[in-house]
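One chain, chain A, appears in both complexes that follow, with chain B as partner in the first and chain C in the second.
Then we have the complex of A and B:
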């Protein structure tokens, strides 16, 4: 396994990795240059028009919201925003591209020279690495092809292919990093962190499975201490963060084996096969990469004023890293818990509403419920947090009931399971089921005495030194009181009476 | 500036055009004469003149993010040489590439 050999290889070689990440702006209503809707799937060629089909004479007009979303992404990543910019035509032939050119950006992208600080590793081994962002530009996505005949949808050996242009023209941003990434784990963390930012900006659903976020990597290796770059290979077709990590690990080890055996790395595009866990070379003609970029004559250039850029900056939401830090410093959450909540926009909104209702001093138990029972419920049902049947007010009331000692933690879990189904407020469930926790010492003492009287043998054993029996007595008392007793009080009374 | 026949063949390959030797010779002459005209323009003193992609000083033409009706599928596919299952049919790609 390449993964097992990676650490050994990285002792002798340094990997140099740059990422190219394409993200569809799926939150927009309409396509990049026409009014066709942006959506996933559906019947082939049902979201097309003369513009996205590239029919002669059809004129593209850029989507204002897509331009703004790209600049917003640039501002979130500390990019410089171009004052003057324009679209270019990138010419090449492929059947999923109707016009035989893609409208993209060339030497005047909207955003350049940004950075993202990425936290890698956990605990004592954790470190922060700054990854430079070369550029972010806006372009249009291509259509999709289905290959018919031959082996299972692979292009090689297919008899013919079907083309669906529903996706053609979907607004797509391309982000290119500097070659600042040194390990597969750093690459994975960069992509994950970027995803949480784009989700926070609300510009894309960033689904790697559905292809709305696609990560390609350029990777080369060089002997430790060398300053010159080695020959790079481009790796494509990684459909998950794990695939990104594994493909890079494989590729680094492959290149090291090549160099170690006296061979050389060839500059080429390689395809990750997640099933076979290997990369293989894609056939391509170098000549074909002559894109003959020229300014898009169908659209006029952009000039962005400082005022406009600042008006976009004003729309920047709180980003996950800042939110996490706030949860740690203001609410006292452990860093790991804070990150788990802060990375998810909807979960954060829920958490903050619940904390507001329950009081900031109860932020920790609220976080425990959000990451515990609530997350388990979301995972089990697949529901979104906004429509999972539990409101922030319900969870807050539950936390207060436990904190005030009205019900035990165990009872609270029952109430949670009940309110998920009925939608009732937890207080109402506690009333209706008579679930109130009994903390009254006299009532508890009566129950304890009854249990001790009924079990003289166990009492003798305890008094003879088998003090571990205390838990058994507590259990008996809890059962006697139908689980409604305050366990802390029961524990204390049991010990006191046994010691008498 | 002269365009060689090799350059014509390269551009023709990129544009997926099949040219006869005669056409290649003809186009090499024709493209060379067009570039000759551009050489004349290049001889002008244009110091201080900004490159122009568009003749009009118009900027920032955009549309609001609104959905508009598109083409019904049967119309979209009407001129396709071949269609099947609502999709455009294209011949096998890898084989065609290899033969190009």
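Then we have the complex of A and C:
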């Protein structure tokens, strides 16, 4: 409902949205300040040690790979990298946080002042908007709590609560945007684009469902033309891109209704309920903190040299936008196809290997196969492209077989279905099943002559003007050749001999 | 019957006697345990005595002796360990109700290095709760008494570690020093006490008080023994990001080099401070004269910024402590109120009931100092003061190789005398605190006995960062020149 009314509201009001995105560095081998492995799930409290449990006397030692991953993210987003930076302690009591302070960053984050250009919309309505990135900093994740009994699964009123510290100490980067986002769709596209970049950097699996990428939003509205910001609300608990979009749409309409009815927006944190499709205010008692930040005395500050920063920059992989542009300019792919492949690191790697094997001139049919049969196969089986049973070499060979006229497109689909099951190379399947398409004109002519000789009555009818019979002759020839003849050649030979 | 006279031997001599098979490590362990048995009911240096660990460690040494293996440097040396350092197989209570039954789940790096060097762990030593104090009266388990006068405090917070060594219940011990917690009890009990350079010894496994100030160091009866212990525990530890990868020089080799030509700076304005007892001042002057007689180049220096150290310390220390102690919430370990209504009630009342008065005072001070709107005026200002003190020391060390000051403004005071006056108690550390703020190493060396009370007086020798060698060299020269007998009456009588 909110979504239907959004367009109308946005004609009168401008929304001002800033995002705060937490991403776990799930690709690292160990936690932020200890050697425990980083992984999702598992038996509770099995990936823990004195450090991440906050046992008395244990000390944090920073994971240098996490620092590098944060700087890599900053460089990918055109941030300035601090030459001097440090961790701070953020002090507050909560049972999912073993030390009752979180090691985070405060006034000296690793990365500041970046930007990301986001493409929004399709076709003629498409536009690019530049979103400023205020900062990216590194911190440790908390544990997870399960509240049993009581209302809404919250700690207040629960009969008892359980804590799992497996996640505690997982490296977490927090990215904060400028309030440059104007619509729920821009917010969604920003988050999606950011995800493709982090995936390309290989720093996180960015799973919103498993919570390794968590998006919070600050949103306010103001009358069109106004320059002052309205009062903002912070929206949390959006576990998918759709939820992000829908929650913002709801919140914008809610705020507009408030203002329209003479009310005012209260600054508060609101919780998105995806089932009820609405936001609701969290109890204000759960907010209002003085975090008493101070520099983390258990670590020495970081001093980054230009050489070190450049050595990290050298590790930047090709980012999705550049890759897409290259597919368009160098390989001639349509922009939409190029983006679909380029956004996915594994699919891009597969595609490029297949193009390498098949030849750049066959990039388009390779892309069609990747986005067609291969993607359908991946969707159907849920397999990752690296372990789906089809290798780039197999797909390339299949494309070449079609392109050389050895088999027809229809046959190729059969071969694809077959090779997915057997793992054979397409050429071997074509040989084994005798599917090789015959284009040899002499062989086809022999078969056509045979059909004409055996059916004199039909030949006479054709020559008497019943030219529609040509299809029937072609069918007879194809049957004679067990379907392996190149239909285009058969058609041509049949016509030529009948006209003689 | 154990031969308790073994406890009069130094660590260096004990190891040699064991190596020469004149005595077994087991006999030494039994001597230490017998001395504890004889005296600790009166002194209360230990929260927990660990005969099983001591005898097991002794057995390992004796097997090495039997096998003819080379012995590590502290083989068979009875050692006390302050009760804020983790050791598997012991409780680590920090002398706090909130950790009364807390069993260590791992071993502190410095303790492990001490054990690897062959030391015998006799027990865990009493302290001011979480190291908050200068008298060991702030222990939830009762005060430690000074072996020189059982009516007096041994100093603090490492009072148990100091008293254990002074009373010959341990040959050496480990303490921790945040503002003077090793050196001040060293002075008050007539022992040699070292606060190493910040970063020299790993803090991993030391229950933190103020992370940017804490440092583990030894108590011993001789400078040589103290140097042996520091040699064993010093060095980079990958588990402590603030430990420094600086080579550990051979402290023993430097001990006999003498002080001829060494530039010794007497910090004169510290002697003028109100509250500095005349006998303390006289001891410093006697020490300065001893250095001059040994050929040192003795001069005078003033450190006017250092008098602000006390104020800066009582902001920075409590600020860090308020955060470090937040983990004691009754949820994962430690004392938990039995009848909590909800999680907030559980956390608040477990802390209120589990912490003692001084701990609560420091947590409140620190919380206040870090609060929004007060940070700049307090914590920010204290850090600026700290920088100025560092700079002042750096300048002084351009002119001098070591600096000489009192360790404590007074000799040991009576139990209860300052307990109700925190500010008077805080002044006990006025000479030691500046070194913690600057990260510099310092040693307290016995420099005489008060004529009136017969109580020990110590002087403090400070050196440049990571220059413990020069500090030990100066201390050994002074020790040799003064030739004092620092056996407390209690030990003589029994």
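Methods note: the second predicted complex is superposed on the first by the 432 of 500 C-alpha atoms of A that agree within 3 Å, B and C clash if a C-alpha of one lies under 4 Å from a C-alpha of the other, contacts with A are read in each partner's own complex, and residues count from 1 in each chain.
Basically, a residue touches a chain if its C-beta (ideal position, glycine included) is under 8 Å from a C-beta of that chain, and two chains touch if they have at least 3 such contacts.
Computed from a prediction, not measured in an experiment: that's the story for all the values here.
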item	value
First, second, both or neither for A:487, with chain B first and chain C second	neither
Touching partner for A:301 - first (chain B), second (chain C), both, neither	first
First, second, both or neither for A:475, with chain B first and chain C second	neither
Contacts of A:317 with chain B and chain C, given as first, second, both or neither	neither
Winner by number of chain A residues touched, once chain B and chain C are compared	B
First, second, both or neither for A:63, with chain B first and chain C second	first
Partner chain(s) touched by A:86 [first = chain B, second = chain C, both, neither]	first
Partner chain(s) touched by A:164 [first = chain B, second = chain C, both, neither]	first
Partner chain in contact with A:44 - chain B first, chain C second, else both or neither	first
Which superposed partner A:30 touches (first chain B, second chain C, both, neither)	first
Common ground on chain A, meaning residues reached by chain C in one complex and by chain B in the other	50, 53, 61-62, 91, 93, 95, 155-156, 161, 163, 290, 292, 297, 299-300
Residues of chain A that touch chain C when the two form their complex	50, 53-62, 89, 91, 93, 95, 98-101, 155-156, 161, 163, 290, 292-294, 297-300
Complex interface listing, chain A residues touching chain B	28-30, 34-37, 43-50, 52-53, 61-67, 86, 91, 93, 95, 145-146, 155-165, 283, 285, 287-288, 290, 292, 295, 297, 299-303
Chain A-facing residues of chain C, complex	84-86, 92, 94, 99, 102, 105-106, 108, 203-208, 210-212, 238-242, 319-320, 322-323, 326-329, 331-333, 342-344, 347, 367, 370-372, 375, 379
Complex contact set, residues of chain B against chain A	10, 13-14, 16, 53-54, 56, 58-71, 73, 76-77, 84-94, 97
